[in-house]
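So, here's a batch of structures to check.
Look at the two complexes coming up: subunit A is in both, with subunit B in one and subunit C in the other.
And now, the complex of A and B:
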């Protein structure tokens, strides 16, 4: 029994609010959207048998309706202030719109870094059509297409070749109102031999406003030869909100990408990170932390595609579960025939701290080249009674002992972050 | 000591595929196609009790409403289920063989070619054999001796006549007729297989063995094996398979059910060497088998060991349902694919009872244009306090046109559980081979040494003769693969 997306309240709701709203989009995008619209109209909802959504059912989503909202006045609500980062270039995206007037990154950029929005950003997208229109093997295609169809205010960050941007660009994505859907879109291109640090914070303030929200961002990153990016994602979302986001990274030769995603989960939380190691010598490190309480859910799908020789990837995902939390990890490593001398390492560790929590993990290797070294591992366990006992014999109370061991478990992955501001922000949670 | 030369498939050691011969046997076949009448006819030919026909028909009706699954990591030419002969038996002389002497001489010769010691004097090998030729069981050795101990080991068709209550009590309890597409098909049309019952407290003194062979053209083989180890019983069971070389693909959709009651142990070993097709991937067996064991009782233990070296496509997941408290499930597998063979195999460990433990050791070897996937599920249900699992899946790639994939699913709903999974992929390196050769070993010996080391953990769980055979089988298959 299949149901069409078109027949759900979900799509109908923001489709209605969209009509005629984006007059200023370029012609090429209008064309692409016309094709996408047909695709969306005939899209069948994934069933519970669908491998991609097996552990993250979307049924509750289809029944809801969401609105796209217009640009708000550029006033930073008081509550947001604590989430801005001192010493970083803060860029505010409010309900899916770039709030330039309150962002501390000047439009003309800083030291070789340019920030573009509106029409200028669309031009960048047009130049990078192969990335903008790409659907990788790991993408939740529906949500990529929805993003392309309904994105309102794109951003592009360009780093000039050879520039090493010392500071941190902090992009704060905030949804303030209930019943809102947002489709943020960011394109980052790090030029040849250049380097950049970026942190994205996703914040849903439904605790203030009540009601469900949906965030469907797509972040595309292109690292030119020798380029480097340290990338962080901090998720502070409530159980009432949903997040289905994609990060896609294309790496040229000898580039390096390092990412750390930290989340406390959401009602539906799904992160798809795809890294295409296209150039020889490229390396990627993808780490993550799920720290889930109450009824929080978090699902991380990582995808590492080795397309060129001498590429290297390294993944560490750690999950801590309390209460009735549910964590999903799906890690895919794909080694193409040409990617000889590849080395790939993947580890998923889960710590279960309550009887009601649930973990589903699926580390996968798909290997077509023979001269490779690939390993993956997954463990699921509780705290070691002997370690707890030891701490207690040293006069540390049981609760504190648990806290210490949990912190140790998390530190392992948090300490992989090099940039001090990113680390500090992620540690604060 | 057993003489290895008397053991079933020792002559697998030489040449390409030594079992490619077919035998001119006068056989009793029915027309191709599948409908209710065919199901009734099979049941009638077998002289089955009415409950079995009822069950077959239920399965058939259910199967008609099912869709063929297409989720594995490979594609195959569609199977026309109306183009298969669902029953083919060596024609019986008179009313059927009362003893081995009455079995068609050609059949006996075929089994002798295969090395199966069917005749009396060869019983000394100490293995009780039930041989299944195309669709029916042609003779079971050692029966009398086993009977004295209360062990029932006979073709399932015979069990249905002599011990209908036992069969009725257990058949379909582990793999119900609605289970999956191929299991439902099997439930409707299975023609024979082995039945084995070990009474309480009895330790079966010999290794029981079934030998399967597909001989006739355009037939499918649908056998059903049911093994019950009552309280405190122990049995070790071996299974071997071959088929003649044919251009078309033949379907083999078997069902194996194991039931272990309190304190019982079942060890099930398979060396599968069905015809795998030629170098271009023409012909070969589709080996779509449902194998599942249920540790129904406390402290029971089921252990699967498989060496998969044949079949054009292997698609099976020998599984354990760990229902009884403290029960143990084990899965040891070596899957070798070469030429254009495809394999998507692994296991499922379902932990239900408290303190249940499972171990999975899987070794995949892939060469030429073959694709080898491990797919496994470890599921810990909320009731399975202190469940423990360890999984290790290693893959070896030989050459640059093959692939090795690992798809482990781990689902945990109980926080007192501990699971560990690890997987590695590597290759036989030219360096290792060179080193061994520089120490004076022949290239073949060097390869064999490396492969042996890779698979050691699995081979050591096989009964001795099988282990020797398995090693030789892999050596032979991989000859000339490492350049």
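And now, the complex of A and C:
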């Protein structure tokens, strides 16, 4: 038997608070929302048979109600200060709303970079409507539409063609109230031959919020010909919180995208990263780390679509599981008929440190071109007793030896990060 | 320093050591020779505390100076902290763990155990480079992950470097000569000899007399079927080299 989303406490709760709240949005978006509203009303909830949500059931979500936060107080909680990054442009997104910059030091290396919010951001979204309205094959479509329907105060970042920004834009995405749902929306366009570095930190610490909340962000990235972006995501979320986020990347010829996502999981954690390699010579590196303790859950769905010749993709996801943690990896690579001379490499490695933890991993390849080089694989292992013994015979206690081996396991994925500030932030956890 | 009494030990249900007795005093170097499967490596693993090996009966008393321990009752890392060192026959590769970081962690773990101040990274770097120089080791060595992509000779040198850093009371060298060419063997042996003094002791396990030309033992023991069947001076090693083990079995 199917159940409609419209009949759940989930949708009803924040739909009610929406009425009349976003009158200052542009007409084109209002129209798009009207269509989405009909779609949402008739949306049937995914069942446990639905492959996309088989290992990440959402049942607990539908039963819950959440509030939209309409206003923000603009005060930066003292607890957030340790998460700001010196030397970066720290951009605050508070409860889903763009809330300005909070850099303590003057940041350098941002020539050609423009941050836009309010009406100016909506104008950028309108220019890039094919991206804004797109639903990729990897999107959790429901959540993309929910984001479009309920987003408030989005942010746009533009990099002028031919400018290389050495500095780091750090977007601190924080939920501070209990029982809320937030829909952050960010659009990044890197101009022809330009380059940028971006780190997003998602914080929903129970020390801040003291209750469950749901974060549904969408980040759209367009890399024009020869453009480059190093992108990082750092997730520090409590087990009481849920995160269902999408990153969608469209790459023109010879552009390069490099991303590293690090998470300690959440109650429900789902990261959907989709990369469309549309231009010849484009390359993408998608890496991730799940470091899960206690009851934490993390699900990474990656999607690499090779649409043009001579495109390259490289994926490495490493997962470490303690206690009763649960990790899911689903990696899909599609090579279209025109994408000759493509090379694609995908690997998911899991390290199990308890008997109660669980891993579901599914690397997938679908190739329609005939002249390609593709590999994929997954491994699941435990700590090597010989290595542990070796370290112990060198006076290192068992616990420290385990720590050393775990850090060693993470090392190759963390060392793929080039930007020093991103690397430092991700290593700190 | 070390008193092994009537030791019986097994691995995976097969008894390998069958009543081994050996005493080692401070300042002594004991060589243990024996054919394949005689229990040489089992002895080294038992002394270091490898959990895959079980002691069926017997005792091992260890006295690093002033205090006496039931060695078999200590965790492997505590044995190391109290001065027991095993140079592995097959050093283990540890991907992702840089050698320099590993060595400093090891050194400082011993410091903490004895309530001595830990060494900071700068001082340790100087200390480590001195030790490396003595073993004719390249600087790049310590930036690489422990034993990963090391040649056979480099791995053995790395073992002796660790020994030099930890400065053990009792060192067990398990076939340190295997896989070494003559030049490497000279370097490794001279490294070992520099660490020899009146307060420490060594057990050198080897197949061949050759190594004993460089690391000169005070005593030589022949191990066969889990027991020491003959003990003597350095001349016993030469005799084994010439005549094999058969004449010892009657």
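Operating definition for what follows: the second predicted complex is superposed on the first by the 418 of 429 C-alpha atoms of A that agree within 3 Å, B and C clash if a C-alpha of one lies under 4 Å from a C-alpha of the other, contacts with A are read in each partner's own complex, and residues count from 1 in each chain.
Quick note on the criterion: a contact is a pair of C-beta atoms (placed from the backbone, for glycine too) under 8 Å apart; a residue touches a chain by one contact, two chains touch by 3 or more.
Predicted model only: the values in this text are computed from it and were never measured.
Q: For A:8, using the defined touch cut-off, is the partner it touches subunit B, subunit C, both, or neither? Pick first, second, both or neither.
A: Touch status of A:8: no partner.
Q: Looking at A:353, would you say it contacts subunit B, subunit C, both, or neither? Reply first, second, both or neither.
A: first
Q: Touching A:395, do we find subunit B (first), subunit C (second), both, or neither?
A: The second partner, subunit C, only.
Q: Under the stated touch criterion, name the partner, subunit B or subunit C, that contacts more residues in subunit A.
A: Answer, by number of touched residues of subunit A: B.
Q: Where does A:363 make contact in the superposed view: on subunit B (first), on subunit C (second), on both, or on neither?
A: After superposing on A, A:363 lies in contact with subunit B but is clear of subunit C.
Q: Determine, under the contact definition given at the top, whether A:136 touches first (subunit B), second (subunit C), both, or neither.
A: neither
Q: Is A:114 in contact with subunit B, with subunit C, with both, or with neither (first, second, both, neither)?
A: In the superposed model, A:114 contacts neither subunit B nor subunit C.
Q: Touch test for A:381: subunit B only (first), subunit C only (second), both, or neither?
A: First partner only.
Q: So, does A:192 touch the first partner subunit B, the second partner subunit C, both, or neither?
A: In the superposed model, A:192 contacts neither subunit B nor subunit C.
Q: Which residues of subunit A are in contact with subunit B in one complex and with subunit C in the other?
A: Touching subunit B in the first complex and subunit C in the second, no residue of subunit A appears in both lists.
Q: Touching residues of subunit C toward subunit A in the complex: what are they?
A: It is residues 48-52, 75-77, 79-81, 85-86, 88, 91-97, 102, 105-107, 109-110, 113, 145, 162, 166 of subunit C that touch subunit A.
Q: Of all residues in subunit B, which touch subunit A in the complex?
A: 71, 382, 395, 397-427, 429
Q: Looking at the complex, which residues from subunit A come into contact with subunit B?
A: Within the complex, subunit A contacts subunit B at residues 51, 321, 337, 350, 352-355, 357-382.
Q: Quick one: which bits of subunit A touch subunit C in the complex? Just the residue numbers, please.
A: Per the touch definition, subunit A meets subunit C at residues 385-387, 389-398, 400-401, 404-405, 407-412.
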